[in-house]
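Listed below are the structures to be examined.
Presented sequentially are two complexes of chain A, the first with chain B as partner and the second with chain C.
Let's look at the complex of A and B:
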């Protein structure tokens, strides 16, 4: 959260400009920062090696798998699996579920993110000001987020069953609940359950953002005689831009990659309405043993994930820019 | 965060490959004196009987040490995906358990990987010979007698269970022998919130078994040689009958669109359904504690398909698949002789009878099966069904076909719950599945 509280941050040795007035002498100023930045690069070696083993090697393997016909017949001699070129990609797009699943995954992620945003924001506003029992309310707000996804899925699957809690409650007010776990409604079931599980993440980031607004800002606004609405629109929301953007991007990535929730709610094969990308990849890989095809779909999903990821990287850099501006 | 995103997506599939380097290894050696050797066995967890399984493992360990001087190390899996990962990791890395317990319908896939020991006469003799086993259970050991990898370990035939009290009250003499008779009986037994037949339309496995069974009875084995016959009219007819129990005959509780096998069992156990098909002797512990404890009986399912008064020409009187568990020995294992001695032990008459008594499955050992049948009248129809069991097509394409057949039911659930499944929806999916299946069958043929 320090990203959004530039004014709280003490000047550090890696600060890009020395004119904050640190202990650095005027004479060494031009050469100092450059040497300090390059000097400890070797310290990155362990992290770099880890990155290589944990990220680069599996990624390269996935790329390689995606252009081979790796399946149950070739798994044993996996290094010799026949080369297919773009065959798996073509199959995934033409006869496979890729396009449908991509569309579903995107729609699901965007909708869920859009729904969690106002919820999280409202909850952050509610839990920000001091009141009796605030600690309890804050803890309760976090429950959906700290529950393992598997538990969330299981509980909701039971609650949304034909004789489950949801239909019982709806029935008591005269509404026939119907089927939540089969048919056209499954997509909305998935969106609603994931919204329920994911909004506290937005709430957390927003609350942290709210807390980083200094007391003196509030005091100055009060002295100026601004109303609550003016303060919210002109002061609070603009300073929440950073955390909100982060929340949106990270939440979208979470939803795109969520395998456990749809799997526990609907199983595999899943209804077509919820056959999101992670489920489609699981099915190709572990139910029909088409590892090459599944790898191709994984690479496609990686491209999909890269889009919000690029926004994320940009957003991080954007914040650094703000930081410079604030300090200048 | 970005690195974790990368990992989650790119690494999900390669995890088996990257784990290869750290897969568990089995101890080397082999032959001669077996003392000091350790055999690793990977088997399914008996979730219903955890304590009993611990005791059984200890019993086998003791017996095996007495017999060979070697130790046995057991590892259990609780889900199919856990089992898959272990097998895939071991196959890729060439190290892992010496013996795996795998399901009969997964055996064709395991066979096609070429990662398991082929059983010739010498190997069969080491485990007591083919004659030791109930003949039908050998049908899923391999594509033909010369190419087998699986030794039967347990048998779980699918049968019909019916409420004898409700049958008597409705004046029905005994279990039906044709599916039309079953429907007629069920109509008599359907009253108010009590239904003639419990169904598990939402089960992850049951649906394809019905389609396979009806298609067989109509004369279509689904895969004939190197030809997939999914778009054959008999398959559409099978779905029509299967969905029709609910939509046309109205002998099934509409809630069944949300039921898996356990839910349908619970409904039968509460006395709200008079029959439940495609079930097994595994429901005995549940039924024993239920209101119907003294009023149920098993029977083989009818062998004459829906809409027919006799088995059609070319039809096969199939009711249950050859169901249960096989034992396979890894071809990378350095102690295959020892592994076969283990298989010999657990498929012996005494051990099979004991295993059956403890866990409620049926023996694959012919002598043990006879002993169990004479001891418990309840089991006789189940054993009979097991003897008549028919194998599913032994092709590497089967997993694809099985999943596709189940998927058609999954996509039809919404229609089922609203009262009708559009026939063109099923037909369109069957046409698609035909292509997928034929491609998979061709691939399997090319790989052999």
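Let's look at the complex of A and C:
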């Protein structure tokens, strides 16, 4: 089963061989894997125009802004802002928060991804087996993923306050809660709340992977008399390598780009311990109005995102929509 | 897996061969995870029924239950207006992005042209471009529109619409690409034989047949707009604030106040989550497949 397909249909209608196109002839060609050359390409213009205006032009502008000294005074005549060369990049690395934020973002993404893996796997294993009420359990597992991030952030922010519900519960079992939203612990607050919200994604990908293990494999294992642990380690986990890899890459990308959760939990400017890259860029843009510096940092964040993204692009077979791992 | 198959299976072997975990462990895992999910959710619902002061003092069990918050939120915060803006913007984005996505995907799947693979690659890549990279330059572009084109973009609902529409397009198109790939071409060929034009085929054959894919694309586009705080916080003015920004600002403004209105924040949070939860419940069957199709 293709992980990307919204249905269970195998995407065989267009095989990768069809890309060269058949001989050009008049009228209709026989059905098959052949793709035609003379297409109504104009159908792509509205989408293409939008992408040009809202993504490509701003992207080029971001590159240009990152080498200028653009701030709230020069914004009105932004085309004439003084040229700085690599000055913003140098400042971001030396006196700016860039290195600290990159480190925080990477640590946050890796930790959250690592923490969500066992939760998502355990959930997928449990929800894969047949039992009464399975559909309900599957729906419940999706709730944290379904809730909008700004709702999750708002609610946890209140619950994690000094006199909030979390500390009440902790206090009732004799643990002094303390401060979750200021001070050294904030980083772990962010990791834990994001873990709570993000594990269902791993669960979904793993569950889809589990469902693609053939029934005969299960029966062969049962005949062999393997224990559940042996089955898990030697049969199930190896066959989940593809979905797990995909989950790790996508989750890492998602955590790296997560602006909403830290922003809603801690506000902006954020405490130093949670000043992850998206927040640092946001506050450089809209609190200190150092637009050039912010642009330089956002270009750096793109470079950071490119690392998992390149892995992702390699893992997805563009022409068939099948992940390589899904077939292994 | 039908109920019938399940029954015969159980009769035959007595044990479910496809099971992975032993029943005891499975129950333990489910119990822990369900508690992990439901405890905070139950708290949100309970807290939305508690007086503000009890939520602020960290009460978990309410001493009294009241519907006051649910009444008060409509006057203390412009929540209704925020919901209206969000519904309008996201609704328009959902419909337009599904339609644009199916048109674009149709060309990408059924025809070949120079740059096709690059475009497909860009569709995947664009889903993970950091929003913070584009926010500021996009703001500059929009802010220059009055000077160069004589139209105002910043602070308008349609400015928000084009922004979300564009960011929703890569994923929506990707969903439709995977969907159309699975659709047999024979029906389209038959349509061409019957004298339909390419556009006729798209309108009369592809569009109706790809309804499940369109639903997934539309809902994810809707959610992208509904869940966004980053762009809405900069591109809106008080009158065009989305529900997300209204809730975020409401929550943040209560900190340090003499009497934080936390009970009301909780009810507002439930209100903001409700449309999304309802959408998922209705379309769960379609969405679970689509969820794994790309980045959130």
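Assorted remarks:
We take it that the second predicted complex is superposed on the first by the 258 of 328 C-alpha atoms of A that agree within 3 Å, B and C clash if a C-alpha of one lies under 4 Å from a C-alpha of the other, contacts with A are read in each partner's own complex, and residues count from 1 in each chain.
Note that a residue touches a chain if its C-beta (ideal position, glycine included) is under 8 Å from a C-beta of that chain, and two chains touch if they have at least 3 such contacts.
Just so you know, these numbers come straight off a predicted model, no measurement behind them.
Look at A:313: by the touch rule set out above, it reaches both chain B and chain C.
When the two complexes are overlaid on their common chain A, residue A:123 makes contact with chain C while staying clear of chain B. Looking at the shared chain after the overlay, A:298 reaches both chain B and chain C.
In the superposition on chain A, A:167 makes contact with chain C only, not with chain B. Contacts of A:65 after superposition on the shared chain: both chain B and chain C are touched. In the superposed pair of complexes, A:89 makes contact with neither chain B nor chain C. Once the two complexes are overlaid on the shared chain, A:57 sits against chain B and chain C alike. More chain A residues lie in contact with C than with the other chain of the pair chain B and chain C. In the superposed model, A:187 lies in contact with neither chain B nor chain C. Once chain A of one complex is fitted onto chain A of the other, the partner contacts of A:283 are limited to chain B, with no touch recorded for chain C.
The intersection of chain A residues touching chain B with those touching chain C, taken from the two complexes, comprises 51, 54-55, 57-59, 61-62, 65, 75, 78, 161, 163, 250, 253, 257, 267, 278, 281, 285-286, 291, 294-295, 298-299, 301-302, 305, 309, 312-313.
Looking at the complex, you find that chain C touches chain A at residues 1, 6, 15-23, 25-26, 29-30, 33-34, 36-38, 40-41, 43-44, 47, 55-60, 100-101, 103-104, 106-113, 116-117, 120-121, 124-126, 128-138, 140-141, 144, 162-163, 165-167, 169-170, 173-175, 177-179, 181-186, 189, 192-193, 198-199, 202, 212-213, 216, 223, 226-230, 234, 244, 247-248, 251-252, 255, 262, 265-266, 269, 272-273, 276-277, 280-281, 284, 286, 288-296.
Against chain A, the residues of chain B that register as touching in their complex are 1-3, 5-15, 17-18, 81, 84-85, 88, 91-92, 109, 112-115, 202, 204, 255, 257-258, 396, 399-400, 403, 406-407, 410-411, 413-414, 417, 435-436, 440, 443-444, 447. For chain A in complex with chain B, the residues that touch the partner chain are 51, 54-55, 57-59, 61-62, 65, 71-73, 75-76, 78, 95, 161-163, 179, 181-184, 250, 253, 257, 267-272, 278, 281, 283, 285-289, 291, 294-295, 298-299, 301-302, 305, 309, 312-313.
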